[in-house]
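Look for chain A in each of the two complexes below; its partner is chain B in the first and chain C in the second.
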Partner chain A sequence: MRFLRIKAIAKKELIQIWRDPLSLTIALLMPVIQLFIYGYAITFDVNNVTTIVYDQDRSSLSRELVAQFRESGYFTVVAQVDKYKDIDAYLDSNRARVAITIPYDFSKKVRTGSQAQVGVIIDGSDSNTATIAEGYIAAISLRYPQRITARTVLPVMDPRTRVWFNPELKSRNFIIPGLIAVIMSVVVALLTSLTVAREWERGSMEQLISTPVKASELIMGKLAPYFAIGFTDMVLAVLLGVTLFGVPLRGDIVLLVVLSSIFLFGTVSFGVLISIVAKGSQSVASQIAILSTMLPAFLLSGFLFAISNMPKPLQVITYIFPARYFVTILKGVFLKGSTLTLLWKEGVMLAMAGAIVFFLAIRKLHKRID
Partner chain B sequence: MNQTSAVEVEGLTRRFGDFVAVDEIDLGIGKGEIFGFLGPNGAGKSTTIKMLCGLLLPTSGKGSVGGHDIMTESEEIKKNIGYMSQKFSLYDDLTVKENIRFFSGMYGVRRERRKERMEWTLEMAGLQEKRDEIVGALPGGFKQRLALGCAILHEPPILFLDEPTSGVDPLSRRAFWNLIYEMSGFGTTVFVTTHYMDEADYCHRLALIYRGKIIAEGTPMDLRKRYMKRHVLELEVERMVEALDILERRGINAAIFGSLVHVTVEDVEQGIADIRGAMESSDIQVKRIERIAPSLEDVFVTMIEVA
Partner chain C sequence: MNMRERITQLIVKEFIQTLRDRRRWMLLFGAPIIQLFLFGYVVTTDVNNISTALYDLDRSQESRELARRLEASGYFNVRYTPQFPGEIRDLIDRGEVLCAIQINRNFAKDLKKRIPTEIQVIVDGTDSNTAMVALSHVTKIITKYAGEYAVNTVSTVFSPPDFRTRVWYNPDLKSRNFNVPGVIASIIMITCIMLTSMAIVREREVGTMEQLMVTPIRPVELMLGKTIPFAIIGLLDMFVVTLAGVLWFGITIKGSPLLLLMGTSVYLLSILGIGLFISTILKTQQQSLLATMFFNMPAMLLSGFMFPIENMPAIFQYITYLNPLRYFLVIIRGIFLKGNGFEILWPQMAALFILGTVIITISSFRFRKRLG
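Now for the complex of A and B:
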């Protein structure tokens, strides 16, 4: 294998990318912009849940309860209604997500020590928000008695929970590292997938395969510039995650670089493979690239939906997607400060996946027209 | 590589499904020869040249290019040839210099030779002043010469050119053929495909291909003598199409050549008489009728009719 030829191809590719300002901008900015948008857009934190109150008691105790909802910061009381019918109106028109109904005998029951019932109606059409709101409400109601009586009421069980690795339970911390993995998977594969297909479409591929260049040299030459671009994207994404989104980076940077490089190698090789298989059609190549990376990376990598919650057969399938390993790696390095001893398995899987795809690409690149 | 022939193939065939693009052709090309492969579009010229370059695997047949087997040693073949594809295949978004540098790297031109070859190519193509210009902006004639230059950076003994003069102005075409002659003079074997009949005369030897088969082979002189048993008369009349119709109905072989009609006849005197008779009976005035030397195009058209 001649390094001279690999260098010639890499240089040519780099010049071509550089001379096309549009593709260069997309290559470098697209991941950053996507991270920016989705980083802000995807959040599981529930704040400012619109709430209405139907207070039939109107006592100082009932007002105290409503105040606690307000002070929690999670609920925004938008109106006090005086008719049950109004609850329907507010919930149907989406002006409120939660309605609290306090019965007329609320304060009497509380003062006499019997169980007071408070009704809570939650808009379940957004089950995610509903479930979380339910949790908040339960917590608030648990604390309410302690606020209004002098006696400390001992609950049946007092869970003292500490959340490790993401103590504020900021969903952002949990989302951003995975999001970086997903974006990298898609963008890098998409960019690279056009490279060989474009040469065929232009006719320059025919000229290339008439030279003594080897398939392996051709592929390595094409890998290099796209790897460099992917690496730059990775650096930008990490910087953005840490500085703008405030995601902690607790692990070793060198480890991050090494494991990201292995991942990038595999993804770029995958892009080249798609490019070869798409038989000279850039549009087919890009479609294959998107279809084969986006959904698996988004849904099956453990990015948003825990793999352990999936049905067993699907769990097995997730093993073939490199994004799965990279999500684990990034979450580990960012949030847990994981070291190699913990992540070596993922690293090995990524390396293996990369090697397989690389050699497959070499095999599939025939230096013939048919 | 001490043999006298650069290219030797026998029974070369290529099928695409049911379609036979190249049908059992035999070729023998000597070192230093300029060999022309003529035929209309779709005849199988490009397919043949691609098989010889190792770009397409023949369906059947045997042979060698530069001493290497066409069926099993296509990568070896590629080391010893230069190939200029039909679309010129330069990188339109790279400069002249960048293209040369790229192909130097691809063909493995030795470092010591690279600068020299770069300067030679620039001079040969007339691009010394334009070395930093983007290739996409160059006129066709320049691109063509540059593409040729890039194909021979490594000074290969055999050169394959697929329709190198397509869409290029006549002046550039002439200049291009001068270059080919120069190279042939240095001992390079050149295999050229073209559909321009007038370029046939530039070649040492030719093969005429039609529908995948070779229908004639030899030097330009040979072809004229051997295949042209008949004579060609050139006829200038007013109503050409009508005249053609009349002649054909009388079983006289005629074809339109530009603004004239070429008629092939066995006997010149008789032929002239027949034609005059035919024209007069339909009241078409004959402006001129005379015998001409058959051009290769005449030969070819005749051959096709026979085929």
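Now for the complex of A and C:
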């Protein structure tokens, strides 16, 4: 392997990237936009659940109950209705997700100390929001007696909950570390696979092969610029995540950089492998890249959806994809401050995956040349 | 040749070109089906079998009853019963358990004397959503137990009101019923935008666009001939994916399939318009693919597919009004889950129609300019 030849290929590749500023802009802008959306716009948190109240009792006690819902911060009372039919209309048309019916005898029952019943209807379409809302309603029920008696009446059984590692339960903290893996997979694998496929499609690959360059040198040279782009994406994402969105980085930065580089090397090599397998059709290469790197990084890595919730066969499949290990590493380093003693297994898996893919790419390229 | 014939010719050519390549079949129908299975199984927010540690210091009948209720709920799987407080810390650190519950000494005694007693619940918040759902389940179970305990013993203070909860539309609270329709809507968007934009750009990249331009075809005809095949393929894809979703995942369609077809048609109008628009600003397939991804990612996130719109900040809520997926999600979920009719869904349909017409008009102006 000659460094000079690798450098020449890398330089040529860089010039080609530079000539297509649009693709480069998208490659660098994608992480920023995604970070902004994940950081600011979306959250699994459940607030402002639209609620309607059918208060048949119309007493001060029932009004207190409604006020407690409103003040909890989780429910927004959008309307008071006075017919059961209205509840149907509101829920059918998505104008409300929760309907509370307070019966005629509510205050009487509360005063006499017997258990008053309150009807709650929840729109279960969005099962996640519905489940969490149910928990909030249970908590309101526990605290209601204290509210109306002004005395400190603690509930009989008081669940004291504490949350570790992410005390405010910000989904931002959970999502942004894993997002780095997704961004790197999407941008890097896609870009790499397309450019090499384009070289085949346009026939310039044959010219390259006729030069004294060896397969390993060709691949190394092709890898380098995309590795640089991917690395820039990562630095950008980490910097923005920590400074702008306040995601805690509790672990060691050096560890993060080293492990990310290993992952990146594997992803770039995989992009080259795809482009060789796709036999020079850009649309086929892109389709393979999406199915084999982007979707797994997004769905099978535990980035958003817990692996333990998946069906068993799918759980087994996740072990094939490097993104899985990388997401574990990222979440560990960011949120738990994990060190190499906890993460070495994932690191070894990433290194192995990278090495296998790299050698496969060299072998496949040899075969194609022959 | 008149206009209709010319367009028909073009459509036939486009179909031959698209279906000639065997690998393209994979792209048209294989990929959407794979995506349906992946998303269908993975996109679940159901939380079951939460690995739990139970530190029972009381060892009374009451504390065992609480433990039994936690396990019987199906949400918690008590895998560890630590003996020392330090063990809880260790189990959570290593990720062995997600939730630890500590029942204090004198739990039963306090209950009998009606002295309020505390139950410690510790949750690993790394995955904020699972943590929230776990907390919600713990609270519900404890509240229910407390309520029943209060009824069975003589009550002196106010007992907490009993909330009788009923769940409509999706009584088992299965997230799949909510997510599969969303997945179908997203897949159609991803596939159709990519197909349309790449087909037109490829013609330009390979150079055959110029050959088409020297034929007597007019720009409008060219545009129609290029989009109609993908509208047909889009409808076909919708049919295949919906069928697979219904048969495999056992989702029922409560509403009218005809209304769904109507909704899909107006949805495809705007989707194809976007694909056409992307193709008018770009030169190479690589660019059009990146641009498609660049559009699809935010479009999926800012639609209500996985993250409720009402939790977003106001600016982002306004942005979602420009997103066709937002409207179609309401339509497809309304028809699948609630059996909504036209009288409820017409605003969404109208919005999609207006959005589609505007995008198509803008794109066709750009398309003509690029040709001229």
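What we mean here is this: the second predicted complex is superposed on the first by the 353 of 370 C-alpha atoms of A that agree within 3 Å, B and C clash if a C-alpha of one lies under 4 Å from a C-alpha of the other, contacts with A are read in each partner's own complex, and residues count from 1 in each chain.
By our rule, a contact is a pair of C-beta atoms (placed from the backbone, for glycine too) under 8 Å apart; a residue touches a chain by one contact, two chains touch by 3 or more.
The shown structure was predicted, so the numbers you read here are calculated from the model rather than taken from an experiment.
Engineer: Based on the superposed arrangement around chain A, label chain B with chain C as either clash or fit.
Structural biologist: These partners fit in the superposed model.
Engineer: Name the contact category of A:S141: first (chain B only), second (chain C only), both, or neither.
Structural biologist: second
Engineer: Just chain B (first), just chain C (second), both, or neither: which does A:S23 touch?
Structural biologist: In the superposed model, A:S23 contacts chain C only, not chain B.
Engineer: Just chain B (first), just chain C (second), both, or neither: which does A:V110 touch?
Structural biologist: Second partner only.
Engineer: Please indicate which partner A:L190 is in contact with in the superposed arrangement: first for chain B, second for chain C, both, or neither.
Structural biologist: Once the two structures are laid over each other on A, A:L190 reaches chain C alone.
Engineer: According to the stated criteria, A:I15 is in contact with first (chain B), second (chain C), both, or neither; which is it?
Structural biologist: After superposing on A, A:I15 lies in contact with chain B but is clear of chain C.
Engineer: Using the superposition on chain A described above, determine whether A:K7 touches chain B (first), chain C (second), both, or neither.
Structural biologist: Only chain B is touched by A:K7; chain C is not.
Engineer: So in the superposed three-chain picture, is A:V32 touching just chain B, just chain C, both, or none of them (first/second/both/neither)?
Structural biologist: Touch status of A:V32: no partner.
Engineer: Could you look at A:L236 and tell me whether it touches chain B, chain C, both or neither (first, second, both, neither)?
Structural biologist: Neither partner.
Engineer: On chain A, which partner's contacts cover more residues, chain B's or chain C's?
Structural biologist: C
Engineer: For A:S210, using the defined touch cut-off, is the partner it touches chain B, chain C, both, or neither? Pick first, second, both or neither.
Structural biologist: It touches chain B, and chain C stays clear.
Engineer: Can you give the closest approach of chain B to chain C, taken over C-alpha atoms and in whole Å, for the superposition?
Structural biologist: 14
Engineer: Report, in rising order, the residues of chain A that make contact with chain B in one complex and with chain C in the other.
Structural biologist: 20
Engineer: Taking the complex as given, what residues does chain B use to touch chain A?
Structural biologist: 50, 53-57, 74-75, 78-79, 81, 83, 85, 87, 89-94, 98, 101-108
Engineer: Which stretch or stretches of chain A touch chain B in the complex?
Structural biologist: These residues of chain A touch chain B: 2, 4-5, 7-9, 11-12, 15-16, 19-20, 202-204, 206-214, 367-370.
Engineer: If we count contacts the way the header does, which residues on chain A are in touch with chain C in the complex?
Structural biologist: Per the stated touch rule, the residues are 20, 22-23, 26-27, 29-30, 33-34, 37-38, 40-48, 50, 65, 91-94, 106, 110, 113-132, 134-139, 141-145, 148-149, 153-167, 169-171, 173-174, 186, 190-191, 194-195, 198, 281-284, 286-287, 290-291, 295, 299-300, 304-306, 308-311, 314, 331, 335-336.
Engineer: Name, in rising order, each residue of chain C that touches chain A in their complex.
Structural biologist: Within the complex, chain C contacts chain A at residues 23-24, 26-27, 31, 34-35, 38-39, 41-49, 51, 92-93, 111, 114, 116-133, 135-140, 142-147, 149-151, 155-175, 177-178, 198, 202, 282, 284-287, 289-291, 293-294, 297-298, 301-302, 306-308, 310-313, 316, 330, 333-334, 337-338, 340, 344.
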